[in-house]
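The following blocks contain the structures, represented as structure tokens.
Look at the two complexes coming up: chain A is in both, with chain B in one and chain C in the other.
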Partner chain A sequence: MKAKTILDVIGQRTTSQTGNQILSKRGRLAVALGIGTLAVAGPIAYSIQPFWVYLLVQMLVFALLALSLDFIFGYAGLLSFGHAAMFGAGGYAAALLIREVTASALVVLPTAMLVGVLTAALIGWLSVRARGIYFAMLTLAFAQMIYVATFTDLPAMILDTAMITGGDNGLIGIQLYELFGIDFRNRLNYYYLTLGIVALSLAGLVRLANSPFGRVLQGIRENEERIEFLGYNVRRYKIIAFSISGGFAGLAGGLYVPFQSVAEPGLLHWTVSGELVVMVLLGGMGTLWGPMLGAGLIVFLEDRLGGVESWEIILGSIFVAVVIFAPRGLAGMIIAVRNDPRAALDNAKRALRNYLQEVRG
Partner chain B sequence: MVETIVRTALLGIQYGMTLALIATGLTLIFGMLDVINFAHGALYMLGAYFGWVVASTLGSFWLALLLAPLFVGVVGVAIEVLSLRPLYDRNPLYHILLTFGFAIMIQGAVVELWGGQTKQIAEPASLAGTLTIGSFDYPMYRLFVLVVSTLLIGVIWLAVERSDLGILMRASAHDSEMVDALGIDVSKVFTGVFVFGAVLAGFAGVLLGVSRSVNPGMGFGIIIEAFVIVVIGGLGSFRGAIYTALLIGLVSSFGALVASTLTEIFLFVLMAGVLMVRPNGLFGATEAT
Partner chain C sequence: MTIRGNADELADRNATGERSTDDVALRTDALTKQFGPLTAIDDVSLEIHADGITSIIGPNGAGKTTLFNLLTGKYDPTDGQIRFRGERIDGKPPHEIVRDGIVRSFQITNFFDELTTIENVRLASQARYTGFKPTDFLRHHDSLEEPIADAERVLERVQLADVAQTPAANLSYGQRRHLEIAIALASDPDLLLMDEPTAGMSPEETRETVGLIEDIAADVTLVLIEHDMDIVMDISDRIAVLNEGTLLSVGGPAEIRTDERVQQAYLRGGGYD
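What follows is the complex of A and B.
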């Protein structure tokens, strides 16, 4: 009954990889230190080459997206293969609002988040009846429907107006935010806005993960039936968790679109969702901070290697090597080195030996 | 009117049968190895490229159809032995990351070797032209694809359902430890299944490389369609994959007739509808194959 094992594994994992508490005191300190470093690194990067700040903003936005996915996937055990839908929905909401109503960040960003929540609530409500990989495929299906609707500008067709989503061209020329008179045309200011929002989001989600609500989610991941027997409404918890996750994905969209000045259907395509899952796995799922590193690393590599002709081969090789030699991702590597730096090297050697043995059969 | 319907139905069945070649491999690999093979689309693409290389250097479509799937099979052996075999007891989620890695590696290698431009495998001269029955005509090549893939699916069906090898495969999927205890090398069966899936995908790549174009994006284009088929049919279900592939083929061709821009939506509406009513797919969980 192999078919069951993977459904079980995706639906509920038996091994808890990080203990009960997300981020110990030391971990919190490390995260705070990391954010502080980023805050200092911004102006330095800017003075070397303004482009670096542009890249840093992109890395932060995808870190936020990966964080939102890890909350539902790594922490609650629900594999979403449609997170691009919430990302895109938030992005398009921001674009439309800025074009038609106001560019005030205080209005647009919360709206982008709300649109992410609502989109996720709808997709989640429709998808939770299935479990495991079937849940993932349902989220994919609804996300792709939204993608096609955006690509063909279905809303405009239905409402019989000239244009709403702008079809395959998308919406171009989206203005930057207005907030307390700060000039966001200076990339460095936008960088600080993004960094602040990402830091707040991480703090909020870590808090939520460690709250009683988060405990129930963890329980659902470990053993769904048991939680159900304890009297919790598992479906409702799943939908709420999915909506929260979607809210942060929408927020990421709201940060991304004005920065790029375009909202295009590509944001909603399944390849974005797929790449997000890869970012979470590479970073180390269930740790919340690991996937953020994974996302940052992938965005960075894609940009840096983009000029190299065979960059896809290099990126692919990295994924393959990580799975074989560092199955818990970047977070697992960092934890292992922190716990016992000397043993880490031995472990690596042992992993290589085991691998060669297994290949020989 | 009737002519259009017949033509569309034939197109749909032909496309569905080729999709079945891809989906069969995907579902067997899932059912037995418990691996969600994201590289399956890349293997299909590789088949098309190998086919193009053989056909354009040796000038024979038939040699391409014979050799290209075998080359893809060799790549399949490498992937299975070097990466999947040591990792079967790992969390299956990591197989997604692993095979995704291979998918982009293969895509990158193809772009590196043959560039990003679209290619086309030349149609064999013997299958050029159309078949005309009364006022109805139909391209010979498409008819050939229809017949060949239907025959092949039929043979696989018989092999899986009736032959000793099929019994061994289904037994390994059902309880690999028991089969191992009976003195059969399950890891060889696993390699065999993976390679078999790869060869089928490569074969489909050559077949469709004539009627559709050959390009580096075709792998990622087909993989989601193949997943949708496998999921609607019920993960791991052989029968389900074939029925659903046919259904999807027909939905695509008739969908294109009704509203060509929305065909992709039909696919996902169908999957969502099926999964809402039957959360384990049409043939899921009730069948061991």
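What follows is the complex of A and C.
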């Protein structure tokens, strides 16, 4: 085993893990059970300690974000290193709309999604000619440009007004959504709103992944040249897939900002994009549901270990362990254990032995 | 096969009113491709007739595969033009050229190992039916009836119907080469460019594949790159000889067999068998 790069990890995963379609019947049942469990867990967590619901919402928002990245990264094979741009764009769009126009969720959330789509369409259009790591670098560069523009409130400078993005302070005091008279100051209600949207998003993206369109994306990931010689306009497929992914990232931003009551430039920072890539790899790219687990786990650990000094070392160790023992992430681990627990254990042992041999040289 | 035999066969096809012998499907004019200082294709003007099989031969490095890459849009020519049925196609991206009806099969099997045989073919036939309509995003890919029916027909034709549900990775070498042809056929070509379709095959697989090629040639214009001279001489209606990027000679098998320049450049004065 040579030094493992992200690209090696990508190379190790195959479609056999996903089979003929994303989420078999059993998989769907498991996901439905998971959502049901979360629905029940909400009030319980709330009754124990209201803060837990706050954490659950954060986990769900990042699960949605990781889901959106996995659609383009795991499914279409395009490593976006700039997904924070769409997250932030959606978040700022929500903040501005709520401040200036309306707090109606029925208006703001679809707009946040649309802004995510448009931002991604622009970045995608400028980036998809490049492949592999070059595509990743371009998305990173464009996202950082948007970050700087937000941080310095470039739009306000251009339009010669006092403030649009609020610069490094961001926009504060963003009020909560209005929807059918529900009181979202009760965090439990916001939790259910988020859970519902995340569940719908997962259903929608699974549908998309199993569509003829999704199959072509999978083909692009596996063999881009061949797909082009089958008569598919690869560039257009990539831009559309990237835009769809960006829409869900924007939606996540739209859920996150009113909940935090702040839209600040940190949302767009490249570290958010990087963390997302880790969430997807940790969870198991290309499965859609795996990265959601990865996101939940990382947000949870981040919160629990946040007080510990250099907690990143702990996160890093977990990541290394997953890469060595389960290169297909948590999802791959779960699938392997479900299929054949003994073989899964043997494989893990073998992986450790091989790794130690390689380290010793 | 003699020139006379070819003429008779062509006359027969004309009698059935399929195509005219003089129909030029594809024409290149002064086609040139340079890679830095290297001129891979040098001023090649070639006509591919709609009817029959044209083989492109030449020593290694003669520019055969580069020519295919130019015709299919993988490379843009440095100079010159390519016309398909009278219309310029040079400068078009590969996917548009496929839609125009020019399809290639690859020398190295080049498909999706994790998918089943039929799914590989369906991904090709699907291209003609799906695009960016709302239903293409929302329906399940298993519900694509016409592409699946097309794929089944193609698999029947290349004798892979009984391994339709086998992952492509598990096919034998000969089957993989046939799958490669099947994928090309599923794009419903008018002109099919085949890059060494019999390379590496056993004599029996080769015989089978030659039969398949002749069967395909009945309704598709075929251009082959082929190294096996027996096959070339046997099935070609016309042969184009490339050498160091230039077109050395074009003619029927008998002409090429006796062409001195060809013998010197390619056959090195010796036999081709």
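Basically, the second predicted complex is superposed on the first by the 343 of 361 C-alpha atoms of A that agree within 3 Å, B and C clash if a C-alpha of one lies under 4 Å from a C-alpha of the other, contacts with A are read in each partner's own complex, and residues count from 1 in each chain.
What we mean here is this: a residue touches a chain if its C-beta (ideal position, glycine included) is under 8 Å from a C-beta of that chain, and two chains touch if they have at least 3 such contacts.
Because the structure is a prediction, the values reported are computed rather than measured.
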When chain B and chain C are modelled together on chain A, clash or fit: fit
First, second, both or neither for A:W311, with chain B first and chain C second: first
First, second, both or neither for A:R207, with chain B first and chain C second: second
First, second, both or neither for A:P327, with chain B first and chain C second: first
Chain B versus chain C as contact partner of A:K349, first or second or both or neither: neither
Touched partner set for A:R338, first chain B, second chain C, both or neither: neither
Touching partner for A:L126 - first (chain B), second (chain C), both, neither: first
Superposition-derived comparison: chain B or chain C, residues of chain A touched: B
Shortest CA-CA distance between chain B and chain C [superposed frame, angstrom]: 11
Shared chain A surface residues [contacts with chain B and with chain C]: none
Residues of chain C that touch chain A when the two form their complex: 72, 93-95, 98-99, 103-104, 106, 110-115, 119, 123-124, 126-128, 130, 132, 136-142, 144, 167, 183, 187
Interfacial residue positions of chain B with respect to chain A in the complex: 30-34, 36, 81-83, 85-87, 90-98, 100-109, 111-112, 173-176, 187, 220, 224, 227-228, 231, 235-236, 261-262, 264-265, 268-269, 271-272, 275-276, 279-281, 284-285, 288
Residues on chain A engaged by chain C in the complex (per definition of touch): 14-16, 20-21, 207-208, 210-216, 219, 222-223, 225-234, 236, 240
Complex contact set, residues of chain A against chain B: 1-3, 5-6, 9-10, 13, 79, 126, 129-131, 133-134, 137-138, 140-142, 144-145, 148-149, 152, 270-271, 274, 277-278, 281-282, 285, 309-320, 322-324, 327, 354-355, 358-359, 361
